[in-house]
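Attaching a single structure in structure tokens format; questions to follow.
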Amino acid sequence: MAARLNPILAFFAIAAALPLFFGASGLFYDAFQSIFVFALVGLGLNIITGFTGMLNLGMAAFMAIGAYAFAILTCDIYPFQVGFWWGLLLAGAVGAVAGFLLGAPTLGLSGDYLAIVTMGFGEITLDVLKNLEAITKGTQGINPLPRPTIGGWTIELQDERSWYYLLLVLLGVAVLFVRRLERSRTGRAWLSIREDALASQCMGIPPKRTRMIAFATGSAVAAFGGALFAALLSSTGEPNSYDFQVSILALCIIIVGGMGSVAGTLVGAAVMVGMNAIVLVKIADWFGAGDSGSSSNVLASPNNWKYLIFGLALILVMRLKPEGLVPPRLESTATGVPPGPTVSVPPAGGRA
Amino acid sequence: MSLLEVRDITMRFGGLTAVDGVSFDVREGEIFAVIGPNGAGKTTLFNAITGVYEPTRGSVRFRGSQVRQNPDARLVRRTLVVGVTGAISTFLALNSQEIWTAAIGANYLLGKPFPWQQALADAWATARAVPAVWGVIPAIVGGVIGAATVLALWQRLRRTPDLIARAGLARTFQNIRLFTDLSLIENVLVGMDSRLHCGYWTNLLRLPGFLGESKRSTAEAMDLLAFVGLADRAQSAAGSLPYGHRRRLEIARALASRPTVLLLDEPAAGMNPSEVTSLMQLIQRVRDRGITVILIEHHMKLVMGISDRIVVLQYGKKIGEGTPQEIQADRRCIEAYLGAEDEL
Amino acid sequence: MNTLPTIVAAWLSLVIAAASSAQNGTIKIVSSLPRTGSANAQTGTIVNGIKMAIAEVGGKIDGYEIAYEDWDDASPQRGNWDPTVEAQNANKAVTDSSIVGYIGTFNSGAAKISMPELNRAGLVMISPANTYSGLTKPGLGEANEPAIYRPSGKISYFRVVPTDDLQGAVAAEFVAASGAKRVFVLHDRELYGKGIAEVFERRAKELGLQVSGMEGIDTKAANYKSLAQKVKFSKSDAAFFGGTTQTNAGQVAKDLRSAGFLGTLVVPDGCCEEAFIQAAGANNLEGNTFVTFGGLPPAELTGRGAQFRDGYRKMFDADPEAYAVYGYECARVLLDAIRRAASKDRAGVLQAVAQTKDFDGALGRWSFDANGDTTNRVMSINAVKDGKFVFVKRVGDAAAGGAAKGPETPSDAAAR
Amino acid sequence: MKKRLDSMELDFFLQQLITGLSNGMIIALIAIGYTMVYGIIELINFAHGDLFMLGSFLALTVLGVLGIDAWTGGGTWLGVLLLLLSSAAFCAGLNWSIERIAYRPLRASGKLSLLVSAIGASFILVNLGLFWGGLPLDVFAGGVAAAAPKDFPPLVPNTNLLGEDSLVQLTPKDLLVLGVTLPTMLALTWIVTRTRLGKAMRATAQNPVAARLMGIDTDRVIGATFLIGGALGGFASVIYALYNNTISFQMGYRAGMDAFTAAVLGGIGSMPGAVAGALVIGLVRAMSDGYLETRWTNTIVFGILVLILIFRPSGLLGSRAKEKV
């Protein structure tokens, strides 16, 4: 077990040390703040898809629900104004309830049917957020959102180092909780459903209830991430900030990182979000420097290459590391058990 | 009284009748075998007993009662609750904007304390003023859909493998279904799940009781692995086990729930003679723990060697039942079986 | 097991590269516009306008090198502006002390995110395209707007475009004057389109028009044939679409026409670009489709504006799009302020921008008012003829909501 | 007066019916591409919608280069045929190549890495569409505004076949949609049920290992599936372009999503199911646009999807595959 904890500890140790080296760079903080937020969303999706094996294409919806719940509960244009910490907590709770409501009737569906339902839920959430203008302010977004206060000390938005560590700590708490669940009876039940739903059911594990708990937990974590996303911007942005592309990004994070691996999710978030926040920006800067001529040629602008680079990167990572960058269950190879002789299972002859 | 009464089980898949009116009784503490040529419907019968399939006709009684959720007060209550929730939420979904505007939009002024009572009163007044088209009718539709959903789901879930497993019937599978990415000990712990008590919050917050239970359960799982002779590889992934050992792990996993009845589906398939011998000993040791064993097997030496009673199936029908000696003397059974062996 | 360190090392090197410092002796201005995705067509012309303004001063003011960076606030995952990226851009701008001016944003929603950040840093922000009234005008948006965008208490955000509350009203007045009785209002459910459509609807009702329906469209739909039929069957004789080319205005116009809707169609300045004609098909717009625009179209510009038009043609070998002039104007007003500023730092430039008065711009002679809005209220109504925008008339010289004098009817306009 | 109102309401209903069916049939053509690929390798082919988008760009390019919009009379129909064939060939080839390059090497490594690869391919295709829009051709408005939607010349007239006075419109466009979709589907049904290839496809879908043991070259069969699915996408792209007269590099997203939803609604893997699902979606969209509010249409479509799946967990025409235990 110790072998598994290492990459996670390493991630946090490195992340905690990084500001010592790059403390002056705003870009550094921006990139990593998004990385932490999306790591949270990825963590939630990892519970649902990575642990329990339910393909969820609507993670952004839960992020949106978290962000809007947080905004409505804390923004001073509404009467609730529960404050930053209660807002975060309640946003997570609202996310769990939403996950539960969506899950209750649909978690009996098999794989890709569930995927399409979650995708539809993502679309519905966007539409509802846009259409219920009286409540959500439609496409305006809700702002400003409060800053966190710790014992009378308020972390202002521009105090990036404090935000960095705040997010890191919150991510750490989330990782701790997720790991605890993963390595308990609850998590074993999730994994067993992913491995073989029928066998798990025949072992007395109620599939629907187990899935529902996983779904609600994952949704809560993602909603928590969404609330932090909004808090970081001090605005919910517009509903379109949580569209299908965000769900896809979350999915790419966990698959590129390594399905079902908490460490993988963290690394996946760093790679996928970092690619956007650092690599693509840098590429645009490098190629864009000194360009003052005509830009009517579509190929001339580096920005027009971003989709291509992003897509190629995804395909390449999958070609080189199809199991993800940090595949789960390192200890099974680490303990040096040689893979058993491959016995071909005799083809099941008819209905014997 | 017999432990398990199988009565008139029939399974049809489209036009094909895989099991046709099979009945038998299994007594407590015996080793009971189901044999028959390939395609005779043995595994289908197992699936019908363990709830994987819903039998087209017939019943399975365990300790005198059917393992299934019957329509009861809880179902009625749940249907009502979901129906009413559906009705209310449909109503709110359609009218949320107006109610919100009346209660909060109109009453809240930036920076002033919020008059909660006034807001509630306004919300109630607005809700009552909603015209029937947007209020009553959608609410009825929402309620009906909610209730129908509960009933539809209940229909699908009332006789599920997990209910039957929790009642005390554990099984293994013909084509071994282990959790290959989990370690051996975790596989066994999953089997033990129904006997563990630590809930979600206990696990999340490491509340008192967590450590004790996890220690106890791990120790017990190790004992079980030792019982089937796999204790030395407890931490390796189940997927890395050689074939013969997988059967043993599957049996350990099934035993972990401390079942009353253990159903083994072709446990000796693909084993060499010495493995079969040790499997026979294992099965007998399981029975000696007081567990009733039902097994499907082609391996005649094993079946005849350890079974107390045997049922023979052919083309989905029962063609014989009795002790090994009786079956070995029954011409019909021998013909059916030898004929099938020829086909192989 | 060494995957993680490798990755971390790779990122570290990138982050080091990212933390590059600015050169001395240069003044930097940046623009933050969505450059990835569908808004690219419009933002491209804005960037051209900015580049042109800088080229006109020779890239130098008072011996200071003017450096310009074209930042993208969109991301490929989103294909549109991305709040995280906009926040990053704002932060990046704040931390780089050589940056004295921030041109942006394109989307009003994005402005909401960067405005408070930049305001706190005292960095001047000039938008070529934000039209949401709440950003500057008290009383038109939420109760806490615009104060929340000005945490420092000072005004640091300016815009060279007239706000929605002016343009929507002008469009309604035009429809009323055309003799229409029933009008169907459509919008794209975005901040800009919906805002302008709401103003249109309010003004149209005031003017005695019957609003036969108001609907928000799904901007990603393949077509609007069903909706267009609904408009046709509603017996409306005019329609207004609040939206932009990117939010599918072309398809809306096309489907309205192919459904057999023959009334007047009016769209706002988000559609005032060649791409709209391209998307809708010139035939579908011929005669009875009108585009309102805040300012005069390039062809009607005189003086400074005419110079801009000719210069743009020379530099980019293409006719300027309507939006190009806003980008140009933003950059010019900023450069002018840099020239006038006593100290070439943020505070000096901010002060100089705020003092802009009677600026001789490509859009006319105008000033920034106390809110940071342009005093320029000249608007034009344009029609489409032979696949080109043709100027119909100039409106809105009077104050907001005031009736334009002697509006022409569309049939007059068509007769031109 | 009352009577007249009724007839107008009927007209309106008929009109929405026609619009809904036409839209539904276009979705159906795309949906079959999804369902075929899914049926055979269990991959949600995210790139399919964008492949379809590129097909329409090719059609517009061919149209521009050959000047087809200037052809008259029978030439128009020849032009349409030419576009259909060229787009189909192009999409089929492209789909096949994508399978070769991005999917085949990953087939052994699990569904989800395939899925990410498909997402990556989708991003690349979107970018190619953006570049393509910048071609300096007249049909692309000289390629100045690459990202802007492009007008697709109305080769098929919009005249009302029911007479100019009729409120209900039935145009040659609607007939074109029907005239292409129906034969295509019949041909496809024939291929799948009657030919050797079709049988091999069904066998591979059922059990790839067994199919390989039986001597079926599964790689070739999968390749053929991508070819056929791509060709259908190509047909769909031309029909879509001729019906809507606008194409844009981002249109693949919604088209793909609608089609995928249709495939699932009908029971993924089932071709008649995909068609049924697509028609349901087309009709629900039209009716919701017509009688309710457009802004709620998506919500209604997905709400109905969820409801149908609760009561029929494997879609309208899907069969619940019994798991082999």
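Which chain is which? They are A, B, C and D, in the order written, and residues in each are numbered from 1.
Keep in mind that, in the parts below, a contact is a pair of C-beta atoms (placed from the backbone, for glycine too) under 8 Å apart; a residue touches a chain by one contact, two chains touch by 3 or more.
Here the structure is a predicted model, which means the values were calculated and not measured.
For the pairs B-D and A-C, the larger set of C-beta contacts lies at A-C. Compare each chain's C-alpha centroid with the centroid of every protein C-alpha atom shown, and the nearest one belongs to A. Farthest chain from subunit C, judged by C-alpha centroids: B. Work out the mean CA point of subunit B and of subunit D, and you get 41 Å between them.
Chain centres here are Cα means. That of subunit A falls 34 Å from that of subunit C.
Our note on geometry: subunit C versus subunit D, Cα centroid distance of 35 Å, whole angstroms. Taking each chain's centre as the average of its CA atoms, subunit B and subunit C sit 61 Å apart. In subunit B, 43, 52, 110, 149, 153, 173-175 are the positions where the chain touches two or more neighbouring chains simultaneously. Among all residues of subunit D, those that touch two or more other chains are 123, 126, 130, 144, 146-147, 253, 295, 298, 310, 324-325.
In subunit A, the residues that touch at least two other chains are 76-77, 105, 108, 130-131, 198, 248, 296, 304, 306-307, 310, 348. On subunit B, the positions that touch subunit A within their shared complex are 18, 38-44, 50, 52, 96-98, 100-101, 104-105, 107-108, 110-111, 114, 119, 149, 153, 156-157, 160-162, 165-166, 170-171, 173-183, 186, 189-191, 193-194, 196, 198, 200, 203-204, 206, 210, 214, 233, 235-237, 239-243, 245, 253-254, 257, 266, 269-270, 296.
Those residues of subunit C that touch subunit A in the complex are listed here as 1, 3-5, 7-8, 11-12, 14-19, 35-36, 40, 44, 47-48, 51, 54-55, 68-70, 72, 74-80, 82-85, 87-88, 91-92, 94-96, 109, 112-113, 116-117, 120-121, 132, 134, 141-144, 148, 189-191, 194, 216, 315-318.
Considering their complex, residues 37-41, 44, 76, 79, 189, 215-218, 220-227, 229-230, 232-233, 245, 248, 250-251, 254, 258-260, 273-275, 278-282, 318 of subunit C touch subunit D.
Only residues 6-7, 10-11, 14, 18, 21-22, 24-31, 34, 76-77, 130-131, 137-141, 143-144, 157-158, 160, 229, 232-235, 237-238, 240-241, 243, 245-246, 248-249, 263, 267, 270-271, 274, 276-282, 284-285, 288, 291-292, 294-296, 301, 303-304, 306-307, 309-310, 325-326, 330 of subunit A touch subunit C when the two sit together in their complex. Residues 8, 11-12, 15-16, 19-20, 23, 26, 123, 126, 130, 141, 144-151, 153-154, 158, 160, 167, 169, 240, 243-246, 248-251, 253-255, 258, 285-287, 289-290, 293-295, 297-298 of subunit D are the ones that touch subunit C when the two sit in their complex.
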